[in-house]
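Please see the structure below; I have some questions.
Should a chain be cited, it is by its letter among A, B, C and D, assigned in written order, with residues numbered from 1 in that chain.
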C-alpha cells in the first residue's frame, strides 16, 4: 500500500503561501477528501448530475442562493447528501445568477463579508430544517479567485466565517491568500488541489482560457494525484514540479463527462490504497 | 397608575383562537411592546424613516431579503436597532420584491417552511456578523395573512421556526391560526394587535380596502389601545367590543405621517402609565 | 394523399369558443404548423435540446426574460431559429423564474398587459439586433391557463399585442377566451392543439395531474393528430370526440424523450401527406 | 436677450472628442433641453420626486427594468411624462438593481449590445401600450461611464440603438467615445453637459469622490450654465475653461434639494432668455 505524506506549512514563513498542510506534522496520510460544487440548480433548472456525483465525492459544496440555489434546491441537496453520507459545506458566491458567480461584481470587503454571512446563514437555516449540519465554507468562482489573490477580501471572508455559528471550517485553494487569512483568523483551514487543472511553478492555477489549463485525460488526472499524494509534488505546466499541501481534491460535476472522470479518479485513488473520506465532521 | 390585565388563553379550548396571552396568569401588565416592520429597503431604495421609528418602538421586525432587504440593509438595520436598544426579529415574506410580499405566491406548506428557514437563516447570518441577536420571527404581508387563516401554513412556519437555532419566539397576530400552531409547536408565542386597524366581532382584522379598515386619528388610536390595555377589550367596527389578548402592538412606519402617529401613540401610552418594553430578550 | 379540413368558426356564435379555424372557409388544409416552447434557459442554465427541436418544429415560442430567457439566450435562440428557417414568436409568462411561470401571480389585467408589453418588447428589441422578425405572441404556462378561462385577462393580453408594432399574430389554445378576445381585438388568431395532452368533451384540456392528462405513446399521439387533421375531431378522455379547429400543434421540448416524440410525430404527419409549415411569416 | 452659440464639431477631426454640437453651424441657440433620470423606482420603492421634476425638465430618461424600473413604473412614468409634455428617452443600465447600475458588471461589448436592446425594447413595448413615443436612448451610470472611455463599448451601444425601430437619437455626455461612435453609426447624437458636476481641462467630468466634483450652489450652477450657453466655455476645476458643445443639460432628481436646484436652474436660464425645449420629437 502507498502511504501519503503531508508536508508541514509554517504559518509565519513564506512557505505557507503554497502550504496548506492541515495536520502539519509530516505524517503519512492514508486518506483524502473529494469535493465537488453541487446544488447549483435554480427553480426549474439543474446543472450536472448531483445524484451521481454524491455517490463519488465525500464533501459537497452547496450553493446558497447567490450564484445558484434556492430554498428548494438547498433542501433537496442537503437531504440527498446526508442520505449518501456526504458531508456538506456552504458554497457562497457573487449574487449574480446570470453570470453564475463567475464575474467579479465590484464590492468592498465589508460588503463581501455581509453577502457571505447572508448566504451561509441561508443554507444553515435550511440545513436546520433538514436536520443536516453544515461543516465548512468554500468560496465560489470569481469570489474564490479574488480571495485567492487579495488579502483584504480573504480576510473579510474569513472574518465572516469565524462569526457564524457551527464552528465552520474553511476549504481554500492551496497556496492562496484565503488559506493564509483563514489560518490567521483561527479557523480550521483545509487546502484543496484541483483534479483537472494545471499548475504554475508558483503553486497557483493556470488561468482558464490559457492553453493546457484544463486536463481531460482521466488516466493523467489520476496519475498526477496519486503521485501528489505520495510525494506532495504537483506537476507544473511546461515542466517541473511544485510542492503543495492539501487534504482535499476538487472534482467538477457540471461538464460533459464529469461524472465518468470523477468516478475514474476515485477508483484509481482507491486502487492506489488511498481512502476517500470527508475532511470534516467525521 | 393604570394596571393592565392579560387574559389567560387555554391552548385546548376555543378561546385560544382569540387569545395570545403570554403570561397566561391573569396578572396585571405594566408594560407593552411596540413593534414595527423595518429594514424594508433594497439596494438604493428605502421605505419609511427607520432611524426615527427606532427611537419609538421596542421591537424591530427586519426584512430578510425576501420581500425586501439585502445584506447591506440587514447589517445597517441590525446595527442601528442595537444602538437604539431595540430588540430584533426576523420578518420573512414571499420572495416577491415587485409585490413587496403582499401577493400570495402559490406554494406548498413545505415550500413555505424552506423559504422561511432560508430567510431567517440569512438574517441570522448577517446578525452573527453584526454581533446582534435575533430574538423572534414575525411573518410578513400576504404570508402572515395566509398563516392567520390556514392551519397547515401556520404549522409549516411554526415548524421551521422551531428547528432554527437561537430559541426564537414567534410574534403572531392575536387570534390567528399561527398563534395556535406556534403554541402547539412549543414555541414562545407573543400576540400582537394593530394600532391602526379596525377589528371585527370575531377578533380578526377588518380587511384592508373595506371602509373603516384603517384608523388615522392619533387620539382615537391611542385611546382604544389604552382602553384595550386596561380591559382587554378592543372596539369592533360597527359597535361593540371583542376580548383580545396581546403583549405587543404593531405600528406602521412606511405611510405618510407614520412616525408622528407612532410617536403620539407611544407618548399617550406612557402618559397612561404603560412602560414600552420589548417582549423578548430583556 | 390525405386532405385536411378546417372547420369554419363564427366569431359571433357560440361555436367560436371551441373554434379557431383561421382560414374560416372550410377548405382542405394541406399543411400544419408545429410549435414548441424554446429559449427557456437562463444564465448558465438550459432546458431541453433547442438545437434538436429547431430541426423539427416550424415555429419557436421564445421566452422573453420573464419566466425564462435573458438577452443572451434570446439572441442565440433567435439566430439559431432563423438559421433553421423556423419562425419566431414571443412567449411571455409571469416574471417568476423560480416558478418557471407555472404559478399564478396575483395581478390585475392592466398589470398583465404591461408585463406582456415589456416582455414582448424586450424580445423585439433583441430580435431587431439579431435581424430576425418576431411574428406572433403565445402566452406561457399559468398565464396562458388564466387567459384561457378569464375574458378580462384574455382581453388585456390581446390589447397589449394589438398595440405593439410588427402586426403580431396571436397563437392561442383552441377554444379559449384568449382565442375569442384575440379575434375581438382584430388580431390574426391561430389556434393550437396539444400533441400530448388529453381533451375533455368541452374541447378544453384535461388538467395536468389528472389521470390520463398526458399521452406518452408516440404512435397514439401521431394517430390522433392525423385523424384530427382529417376530420377535425379530437378524441375525448373517457370516450367520444369533440370538434376542434386549429392550424398549429404544440409539441414539448423539455421532457425526457421529448425530441424523439416530436421527431416521430413530424415523420408520421409527413408520411400522412401533411406538410409542416409555419402559420406566420411565410 | 442673450443669444447662445453652438460650436461646430468636426466628425473626423480631434475636435469632435469635446464636440457634440448638433446643429453644427455655429448659429446662435435660443433654446436648450433639460434632462433628468426618472422612473427609477422598483416595485414598492421610489426614488426622487418624479412628478415635481416632470414640471421642470423637457426630457425624461426612463429606466428600463435593468438598474431600476418595472412595467408598472415604466407605464406610469411614460403617461405622466406625456401629460406634462415631457419627451421620453430610454435609460438602460447594467441589470444590477442592488448596485443601481453604478457597478461595472464584466460583460463583452456584444453582451452589452444585447442587454441594451432588450431594455430599450422593453420600454418601447410598454410605451406602445401607453401610446407614448420613445425618442432617444441615454446610457446610465457605470455603463455610461464605460461607454465614455471605451470605444468598443460605445460602438456596441450605438450599434444596438441603430438597429432598434423608432429612429432613436442618442443622448451622450459631451466629449465622450459614445458621442463619437454614435455619430460614426449615423445616429442623431445630442451632447449633454451636467449642471452640477465639475469639469477637467480635457472636457471630461471630474470623477465623483474627488473633492469639488459636485456643485451644490444653485446660483453658481446656473451662472456657469448661462455663461456656457453664451460662450460655449465651461469652467474647469482649478481654473480656466474648456470649450464644450451641448444641446442638453442633465439635472439630478434623486438627491436632497434636487427639485429646488433644478427649479432654480430652469428659472435662471429662462430669465437669461433661454427657452427650455426638448431636443427631440418637437
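Heads up, the rule we're going with is that contacts are C-beta pairs under 8 Å (C-beta built on N, C-alpha and C of every residue); 3 or more make two chains touch, one makes a residue touch a chain.
Because the structure is a prediction, the values reported are computed rather than measured.
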Give a one-word verdict, same or different, on whether chain A and chain C use largely identical residue numbers at their interface, taking over half shared as same.
same
Quick one: report the Å distance separating chain A from chain B, using the average Cα coordinate of each chain.
42
Chain B-chain D separation of Cα centroids, rounded to whole Å
45
Residues of chain B that touch two or more other chains: which are they?
70, 72, 98-99
Pick one for the touching-chains graph, please: line, ring, star, complete, other.
complete
Please output the residues of chain B touching chain A within their complex, sorted ascending.
65, 70-72, 74-75, 111, 113-115, 117-126, 128-129, 131, 159-160, 163-165
How about chain D: which of its residues touch chain B in the complex?
41-47, 68, 70, 72, 97-100
Where on chain C is chain B touching in the complex?
95-96, 98-99, 103-107
